[in-house]
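Letters A, B, C, D and E mark the chains as written, and numbering starts fresh at 1 in each.
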Amino acid sequence: MVNSSESAAFLYGMDPFNFSTISSTQEDPVCVLWGCELTRGAKTFVFEVQNDLLEHQLFIKTICLGAEAKDELHVVEVEAKITQNDRPVPIASLRPSVLPMVSFYGLELMPPVTFNLRSGEGPVYISGQHLVCEC
Amino acid sequence: MVNSSESAAFLYGMDPFNFSTISSTQEDPVCVLWGCELTRGAKTFVFEVQNDLLEHQLFIKTICLGAEAKDELHVVEVEAKITQNDRPVPIASLRPSVLPMVSFYGLELMPPVTFNLRSGEGPVYISGQHLVCEC
Amino acid sequence: MVNSSESAAFLYGMDPFNFSTISSTQEDPVCVLWGCELTRGAKTFVFEVQNDLLEHQLFIKTICLGAEAKDELHVVEVEAKITQNDRPVPIASLRPSVLPMVSFYGLELMPPVTFNLRSGEGPVYISGQHLVCEC
Amino acid sequence: MVNSSESAAFLYGMDPFNFSTISSTQEDPVCVLWGCELTRGAKTFVFEVQNDLLEHQLFIKTICLGAEAKDELHVVEVEAKITQNDRPVPIASLRPSVLPMVSFYGLELMPPVTFNLRSGEGPVYISGQHLVCEC
Amino acid sequence: MVNSSESAAFLYGMDPFNFSTISSTQEDPVCVLWGCELTRGAKTFVFEVQNDLLEHQLFIKTICLGAEAKDELHVVEVEAKITQNDRPVPIASLRPSVLPMVSFYGLELMPPVTFNLRSGEGPVYISGQHLVCEC
């Protein structure tokens, strides 16, 4: 779990204590590269953040299969705090010999969010951008 | 069918009664993860909302085939309250051995909207984002 | 050819005569789901609108092959009133066994626009969004 | 090479001399459908514009293979006036039996820009939007 | 490593000393076409910029395999100065006979950024846009 203020500081290559000067402008949220991995041994990943009074958003950008993935359909589903119809929502169906990756415009999710490997054994890599602002 | 005000409240992790403080800013619509499933037994899904004086939009993000889908072309069509040429509009053609999923920038639809599995037996999963605002 | 004011009215589920109250705000254009079909028997479709003093835009969102399409390359080309180099512009190459559909961010076109099936016999389905505003 | 002011005029179906009334608003740039073709006989295409004091941008939207393309990998590269590392940049790798087309969100390029067919004999079709404004 | 002020100048085809007149408007950042190549001999590429008091962003647009790439899965991973979970993040899985390229909406990265060919021997081409502004 990232410490947003420090990230922001490093991200802009300056003193952590200046963080407020950044996020105080709603136009300029702090953006951190994010990634997780789902495998047979760890089929679920929970993205959550500290209760730090900041607004956090996760934009999923890509889901990729690893070179070791078996030739089977891998289905990734996501569950947010509020999901309509109260069920996990599949967002990707990938297979090494057919479609090894997908690129998203940016599926916006608000933490806490749970990613689950519904089918397949992975490895499956999810990449995205974690935005933080004082909105 | 989601109760928008409660969703909004949970989404932001606070008291439902504070909902008005959120949606009163047109810049900050409430966004809920949405999903539905189309199968041989339930080839049609209707997305509709309460007449709650709020503006609702659905942005389709992905359409994925399930691991059990047969190797046939699955065609998903959509029908909105107003559709030009008065016919359902196909928006996806997927096949497990060729293209098991598609990612959209965000096909904007206004409820009520009907999704129908025109070809194939599924399961087909549709994901999206349900935006609610007091625009 | 859609009657924009009526569509707008239905779209918002209210009295057609209130249309002006909607489109008078440039921020809130009216958006209608649009679709057309290209087949061996009807390889060309012309998208045009009434001379209604409104600004019309068409955003192409998806092009999909139908389940009956033969396994050949289908090439869809488009011609706008003004096209550079004065030639139709191919925008999609699809084949059932290779790539049965494509999703666009939104190819913006201004009517009148002509879609033509340059190769293949279809059916090919084109979906999009027809925006109307009093810009 | 397009004569921007005339295109703009035709685009809005009015007298060329009224062009200034359009492009004078930075919010409303003029958008012209653009396309070019790369083949064995013409592997290079240069997109350039008149020195007309207007700002020109080209947004690449799709790259498609033609029905006559051989089953080989077609690599399209682009070179702008300023390209980092001073080398052409490959932006597409397509093959009829694997991936016959690609859709872009919109790769922004500023003229003069050179497209070159680095591998393959085409035909390869590039589509895009040519924006012109008095920014 | 690009000298941003000169690039900006050339980009607009004018005297380098006029650069400040461009980037002084936050609305109009300078955009330079960017590309790099990953191969067996050079599996890593570092994108970094001078400490020039300007804000730099890199938007990844496409990742393509070269015609010489072997038929194996190529996995490209990226590492930013701040990456959550402190691990490189895979952003692409490509294979010549399955998926030879991918198009992104624009994965935003802030220098310094390291691209690494985790699997496969390439050549792999990464294209993007390097934005510079005085934000």
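Throughout what follows, a contact is a pair of C-beta atoms (placed from the backbone, for glycine too) under 8 Å apart; a residue touches a chain by one contact, two chains touch by 3 or more.
This is a predicted model, so every value here is computed, not measured.
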{"item": "Neighbouring chains common to chain C and chain E, by label", "value": "D"}
{"item": "Fraction-based call for chain B against chain A, same above half, different below", "value": "different"}
{"item": "Rounded Å distance between chain C and chain D, as computed from the means of their C-alpha atoms", "value": "21"}
{"item": "CA centroid of chain A to CA centroid of chain D, Å", "value": "34"}
{"item": "Contacts with 2+ other chains: residues of chain E", "value": "98-99, 103-105"}
{"item": "Contact graph of the chains (line, ring, star, complete, other)", "value": "ring"}
{"item": "Cyclic chain order when read starting with chain A and heading to chain B", "value": "A, B, C, D, E"}
{"item": "List of chain D residues in touch with chain E within their complex", "value": "72-73, 75, 78, 80-85, 87-95, 98-99, 102-105, 107-110, 118-120, 135"}
{"item": "Parts of chain B lying in touch with chain A, wherever the complex brings them together", "value": "2, 7, 10-11, 13, 28, 31-36, 61-62, 64-67, 96-101, 103-106, 125, 127, 129-130"}
